[in-house]
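Please see the structure below; I have some questions.
Labels run A, B, C and D following the written order; every chain starts at residue 1.
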Amino acid sequence: MVQELTLAEAKTILDAMEEKAEELGVPLNLAVTNSEGNLLGFRRMDGAKLVASNIAQNKAYTAAAVKKPTHELKEGAEPGGDVYGLHTTDNGRVVVFGGGFPVEHDGVVVGAVGASGGAVSEDMEASQAGLDAFEPLR
Amino acid sequence: MVQELTLAEAKTILDAMEEKAEELGVPLNLAVTNSEGNLLGFRRMDGAKLVASNIAQNKAYTAAAVKKPTHELKEGAEPGGDVYGLHTTDNGRVVVFGGGFPVEHDGVVVGAVGASGGAVSEDMEASQAGLDAFEPLR
Amino acid sequence: MVQELTLAEAKTILDAMEEKAEELGVPLNLAVTNSEGNLLGFRRMDGAKLVASNIAQNKAYTAAAVKKPTHELKEGAEPGGDVYGLHTTDNGRVVVFGGGFPVEHDGVVVGAVGASGGAVSEDMEASQAGLDAFEPLR
Amino acid sequence: MVQELTLAEAKTILDAMEEKAEELGVPLNLAVTNSEGNLLGFRRMDGAKLVASNIAQNKAYTAAAVKKPTHELKEGAEPGGDVYGLHTTDNGRVVVFGGGFPVEHDGVVVGAVGASGGAVSEDMEASQAGLDAFEPLR
């Protein structure tokens, strides 16, 4: 049995991410996927960078597919790292800077979030706000 | 000046599409793009088909990119049609069956909607509900 | 809660598909995916056509993503059909001839099978043998 | 005459890789290709990371295509290396961290193995177990 996020849960998460981005004053692209990295919900805030649309979605994909926050992948993917070049694998969908987090429930990855368009710290803050707002509705 | 849909407008449209899909009893993938075919908002309803995630987004892309409802492209794209094979152009992003519509304001395309996951008639009905709900907020 | 095939179940399915292919005397490519179309198990029988490696995987993907057997998609995707051009959507992963089937349990799609490399009837027979062998182990 | 792995040999290899992964207590994606880098057999163990499905296949592809273990490619692909950027060539299919090995017979590459989903050392250990289990059946 695999647990998956529902659309209602994804909306709650996106609302919190959007609210945080507004608080930070930076327009972001916001994405939520299920545990297999497929998109459940997406929002591009007014004025958010186009490049960040794809990056937000791929941050969430990466977090689901690797089962780790994306910022934890950076060190290993860099020159000298254990998995140097990780970000160019999997058809270029792997993002190795911060802003993607798996969503866990009872210790199991049930989906993922990704934010992009601001400084990495802002992207991470918005995603974290989404995680904090997650409440299993089932 | 080019007018574009805002995220707030996209949400109103998506709410109406989702409501219609619930009324029809069929879980859909729902997409709204800006006038350049780039995604503004997306929702995959619980139980909606995975294949329709990509198709909903590409229906909206197509409607924005061609500035026509997708069902109007079918005849021309078929054997014997003026633009036979249209759907295999543009990196396969062009969809030539119903469910995608441009969103117009003052005679100008300001974005597009796409729905996928049901019968074509259901997809079209959901997208139409989105169009009907569109109210320029600016 | 989403139910998913396990690798053990996928192997049982692949064994039955392979046995049927041997019985038919035609080397096939055989694929099993989870409900989101991601590959769980794959086998290319000795002498099986290379082209059919991708097709078997995409038949299974399609059956999972559309939640229907692939042969049921053919009529609609043909000229004059409701969803003409369906097979060129979703990055060309949609296959509209026979050989892909969703695997269902308690009325829910928990995965999919795909076979390719023989006549369509042979591909379908092998996939059907896989379905028949499916026994939930949990 | 070119020698190639058979499906039966690939299964023996995959069995040994899977057994090693279970022993290590880490769910992996496991792939075997022929000497041309095309997939012969694949298994995604229960709970194995999605990203590693593609990476395991591409590790095996790389090992077959380069005729070297993937960990030997790392140094050259890094900044300052002879073939800096190697991993971004060949449509991003080249992986330059450990876990892929060519399978050799009589000094000739007859196929390749790839494992992904654990630490690089675990991936390498599982692949090595597969190599050790290889016995030409012809």
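FYI, a contact is a pair of C-beta atoms (placed from the backbone, for glycine too) under 8 Å apart; a residue touches a chain by one contact, two chains touch by 3 or more.
Values in this document were obtained by computation on a predicted structure and should not be read as measured data.
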For chain A and chain B, chains touching each: C
Residue-number overlap at the chain B/chain C interface, same or different (half cut): different
Rigid-body rotation angle, chain D and chain A, from Cα fit (steps of 5°): 90
Pair with more cross-chain C-beta pairs in contact, given C-D and A-C: C-D
Rounded Å distance between chain B and chain C, as computed from the means of their C-alpha atoms: 29
CA centroid of chain C to CA centroid of chain D, Å: 25
Between chain A and chain C, centroid-to-centroid distance (C-alpha), Å: 31
Per-residue multi-chain contacts in chain A, two or more chains: 36, 38
Chain contact graph, described as a line, ring, star, complete graph or other shape: other
Contacting residues of chain A [partner chain B, same complex]: 6-8, 10-11, 38-46, 50, 53
Chain A-facing residues of chain D, complex: 49-51, 54-55, 58, 74, 77-79, 87-88, 92, 95-97, 119-120
For the chain A and chain C complex, residues of the former touching the latter: 1-4, 34, 36, 38, 138
In the complex, chain A residues that touch chain D: 36-37, 62, 64-67, 79-80, 82-86, 88-92, 94
